[in-house]
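Labels A, B, C and D are assigned to the chains in the order they are written; within every chain, residues are numbered from 1.
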Amino acid sequence: MAKSKSKRIGIFTAGGDCPGLNAAIRGVAKAARRKYGIEVIGIYDGFQGLIENRWRALDWDDLSGILTIGGTMLRTSRTKPHAYQLPGGETIDMTAQAYENYRSLGLDCLVILGGGGTQRNALRLVEAGCNVITLPKTIDNDIAGTDVCFGYDTAVTIGTEAIDRLHSTADSHKRIMVLELMGNKSGWLALGAGVAGGADAILIPEIPFDIEVVADSIRDRDRQGKRFSIVAVAEGAEPRGGFADDEEYEHAGEGHHVGTRVGRRLEVLTELEARVTILGYVQRGGSPTPADRLLATKLGTASADLLAEGTYNVMVASRGEGWKALPLEDVAGERRTVPLDHAWVRAARLIGTSFGDE
Amino acid sequence: MAKSKSKRIGIFTAGGDCPGLNAAIRGVAKAARRKYGIEVIGIYDGFQGLIENRWRALDWDDLSGILTIGGTMLRTSRTKPHAYQLPGGETIDMTAQAYENYRSLGLDCLVILGGGGTQRNALRLVEAGCNVITLPKTIDNDIAGTDVCFGYDTAVTIGTEAIDRLHSTADSHKRIMVLELMGNKSGWLALGAGVAGGADAILIPEIPFDIEVVADSIRDRDRQGKRFSIVAVAEGAEPRGGFADDEEYEHAGEGHHVGTRVGRRLEVLTELEARVTILGYVQRGGSPTPADRLLATKLGTASADLLAEGTYNVMVASRGEGWKALPLEDVAGERRTVPLDHAWVRAARLIGTSFGDE
Amino acid sequence: MAKSKSKRIGIFTAGGDCPGLNAAIRGVAKAARRKYGIEVIGIYDGFQGLIENRWRALDWDDLSGILTIGGTMLRTSRTKPHAYQLPGGETIDMTAQAYENYRSLGLDCLVILGGGGTQRNALRLVEAGCNVITLPKTIDNDIAGTDVCFGYDTAVTIGTEAIDRLHSTADSHKRIMVLELMGNKSGWLALGAGVAGGADAILIPEIPFDIEVVADSIRDRDRQGKRFSIVAVAEGAEPRGGFADDEEYEHAGEGHHVGTRVGRRLEVLTELEARVTILGYVQRGGSPTPADRLLATKLGTASADLLAEGTYNVMVASRGEGWKALPLEDVAGERRTVPLDHAWVRAARLIGTSFGDE
Amino acid sequence: MAKSKSKRIGIFTAGGDCPGLNAAIRGVAKAARRKYGIEVIGIYDGFQGLIENRWRALDWDDLSGILTIGGTMLRTSRTKPHAYQLPGGETIDMTAQAYENYRSLGLDCLVILGGGGTQRNALRLVEAGCNVITLPKTIDNDIAGTDVCFGYDTAVTIGTEAIDRLHSTADSHKRIMVLELMGNKSGWLALGAGVAGGADAILIPEIPFDIEVVADSIRDRDRQGKRFSIVAVAEGAEPRGGFADDEEYEHAGEGHHVGTRVGRRLEVLTELEARVTILGYVQRGGSPTPADRLLATKLGTASADLLAEGTYNVMVASRGEGWKALPLEDVAGERRTVPLDHAWVRAARLIGTSFGDE
């Protein structure tokens, strides 16, 4: 323990925020300080703060009472070290500057909490000379190598709660309820909330949908006397062949919300009224669920063990009840999408949920 | 008690559904049956079921376990007795048919749970010969004569929870968060959730807004170092002079969501990013809050007292801790909007919330 | 406005804490500072901090982000000015010292947030020469003169949620579920949660119960095929004639929890199993409900208006949608208990809830 | 698929109820009926209903709307087939009767949802000639062979929420807050809620505690200026050497609640006030969390696949994102307790949580 006494690390959060970041910061910093006497400084606003040298030492009081708080006390940004934006709008590579600040701060390692893009950017810092440990956070749950990412369980819970509420009101009228959830490239969130909420159709990027098939499944329900249908749509879901040529999709609006488009098409095809909810950033917010706090605490404290023993340039992945340090180069750049034979997809199909494909 | 033994009443829910309807049905029917021996039949789908003669007797078991359930076990519709829609799309006046069914069912009174429009339609049935008692339900909280309507507290709670979640994520980035809430003609919901959630600007139909004023208040916050602003918008909020001529509002999309339009304009004016949430029907759903259950139970059981004593053609209004039976003709057709000097408006202004007007 | 520029006030919270205190502090201080330029200092630990002169100025940042937080940022204590406890355990009257500190701090008024006891203690400070404005907070809801106290709606919500959870598990087995709620002298909390949760029996201090009557109502349910009964008990509920002489009550334990005693007696009388939950301080905690935040904000900002105009020695009471300043001497020492003909009691009786008295 | 058309199965729930049972019943029955044409009958009240031949066919409507409901629609009991209780109190072995009813109902298999004890009782039915598939449910999370049991995540969530609420009120006063959670033989629930809620001490059956050590950790916090401490106690936690000889433990009461005893001892040792919450059956109730619904749906639908292919006498265990059918004889009789080096235990120790042992 004595040997690690003099270590000093920096910690920051990068990319989109999500519930559990504060719990992870607390886990890293409390364990590093208390157990190993490592000094911890918090860097503000992700890579941007590293480049601009904005930080402060985290003392014990900073770490109290943050376990339950959403967002990130260190704030975050979408700045990338190799594409730092100048006031004029131009971007330049500031990776060398980031490394320079890392050195002048006398850091032994950076602990970086981020999603898929952040893993890649963290690898750039490694290549520039920094020691790095990363933790996988994202409501999208699409980071390779880890069973699950913190933030995901909370986002699924918020999405499920929305579906639960739609159920009670949908049953009173005769309607299609469309809920658009986050998930641009992967459908984990829409899948999780859709199965947990008992959605009748779930549309995700991994399974291009045929809107006629979705409409058929709704008409089937109508014939069976079901008064309503609930459709969970990931924002990145796409019809087979894409959206482009269909006048009705166009008519639905601004080209941003697939939920609005899907609702409009289903109205035309089924002659039932549709109502659309766009949950938006509500999905990123709020207090993390216990599962996310446990996960963030497990991975955060694990990184302190790695710091103490000098194991760097790894992502701390959740594996079952434990965890594993994976070489950062093995996970950066990989995206984990929903396998088509995933147990939840299969379970949903078995009970009659439509994915719009068959 | 013996005298009222032979009474028979029908109960139905009309207009949009809301949390607390089942609690009210339970209150009416349990008290009417248990205390006064009144027979209670449930009529399905609002005025439509009355016209089409669809109903069934409610026994004790039907009333168990419904207190906590959102929506309405009797379902609802937006059908009006004087404008019943034929399959071809034409509408005809079926008020006489409604009365005919009321008579042939041998009913002494109808208990009708509904919003502002329903009060007017109920009055039509009175004029046709029915005895009627109404209960005020609506998430819009805009029925005249009652302190508050059931459904409102639950909707405010859902809206506030959304703002709470936006707060935690807004603080992590630098952003404007816009939340569109229901409320076409009255701003009670946006006002209640906005004040309870600590929104920085609240836009409601009663106070036409100047988007420049809203943008100013956000820029002020920016200058004070506040990293984010939250704007709660009622779906019926309008800029002074209306939406029509502004190209940027147009660009924002489909012409339906004021939230999207406001977000787009604020982005242009403040040069900050805006993110929009459209809560939609999520606001109508879910288990009623305790306050809504207490209110619905108070008014429901009160109507049983009125039924027993033969006081008809009244709305049961909440008045402080008690209730009062108001002549239906005094409340039908009146809408209660937010007074400009309401204590919540004043409170919000005192702590610096912008209503976009000054 | 210019005239009030130089005012300076102190604010503190006294007695038991409850949800909504921070919302009220925020309301008072934001409105006082922003609108009227009044300087606000926060005094720690209630009357104790006033006596011991512990405080600090509240700046704008202190007031951000506290709206949603339970407890009180100024902490609280049960210290009374006239019975201040010395280290040895002795108590002395420190009212003069409190006044002395008030003067030396140059305060124009104290804003004191507290329950029934605090109203009396605040009046003592008035008599000693301080200007005082009080706000009514308590989960017990038993302060005279105000429609409702902040903290109460949140506590009812927590109690109701517990009953909702007991319902789902009670139905799976055959059991009596007893829930003990706070409320030593008044039954508002048990009544509110009991009616909102649909408890089958509600026992409150205002209505001495006969345990045989409670047992009868449970046996009745059993005969009707109801598999379970839920009993909500206020901690201050008492059997007619008191607890003293009954061996079975004794056997139930430590003499503290009426819930445990009632459960034990009902097991003996009904031959059904009973399970007991003691919610305890969980009822005081957590984020305030929107209704409590609205109430606390309304009353807090109202007190700023009173401060500005120099109306002192009043309690700011909620009256319908507005508020009213009541002379402190009229409310101090009065307790508002549940009237036996309260609309909720009547509603509960109408649907068959037992109060153990008939 | 044609071959399995004629199959007929029975399903029941046994032992204590927990959230997720209805979700699992829905998963089994919807998938079995819809995909494989298997007829499903629901047997009431666990083994008792099997012995007493009480059941009914489950049709599609029975399965709608139950996903979100706590408890079990089929009810449950603690009856064991080999120790069936006669009215006089005597118990006899009714295993043969259970098998007889199984045969006369023409069942191909029983799907049994239960905890550790139920796995053993299910094995008895196998030995008597029944085909059986079991699903692991319990809030105690202590069934061998599966990563996790449904019901657990919901119970952890309820426990964590209680700790969160205690935090906010504990900080206002200066106090020890003790929360007693379920868990007679295993500490999973107290551990999960304790770590997720940030409890300062966690006492579980697997780690006998020394109350002096717990008191020391609280005094340490007091010296560091922390105003409060939160202690999460499993109901089966025991001091080293047991409770017997200590007069102060005795004094604390009825000998049932370890929470009360621990609170009393800590008051004596630390001279701080302690407050105790006994959550009781509240932990078993309420709507299952999304994670529990996903788990129950995954395992339930998986059992339909096993039914179709004729794989019997297995427990369907969760393994990572998938599942595995384990021979029932390998899991029955095994209890999974918390390993002393579990990642959560280690994480908690790293950040300074006391387990009362060192």
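Quick note on the criterion: a contact is a pair of C-beta atoms (placed from the backbone, for glycine too) under 8 Å apart; a residue touches a chain by one contact, two chains touch by 3 or more.
Computed from a predicted model, the values in this text were never measured in an experiment.
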### Query
Taking a step as a move to a touching chain, how many steps at least join chain B to chain D?
2
### Message
Let me check something: if the centre of a chain is the mean of its CA atoms, which chain is farthest from chain D?
### Response
B
### Query
For chain C and chain D, what's the span in angstrom between their mean Cα positions?
35
### Summary
Chain-centre distance (mean CA atoms) for chain B and chain C, in whole Å, is 30
### Query
Of all the residues in chain B, which ones touch at least 2 other chains?
164, 167, 287
### Sites on chain B touched by chain A in the complex
13, 16-17, 19, 21, 69-72, 75-77, 158, 161-162, 164-173, 177, 227, 252-254, 256, 260, 275-287
### Query
Which of the residues in chain C end up touching chain B in this complex?
26-27, 30-31, 34-35, 60, 64-65, 67-68, 147, 153, 156-157, 160, 164, 167, 171, 192-193, 195-198, 224, 226, 287, 289-291, 293-294, 297-298, 300-302, 304-305, 320-323, 342-344, 346-348, 350-352
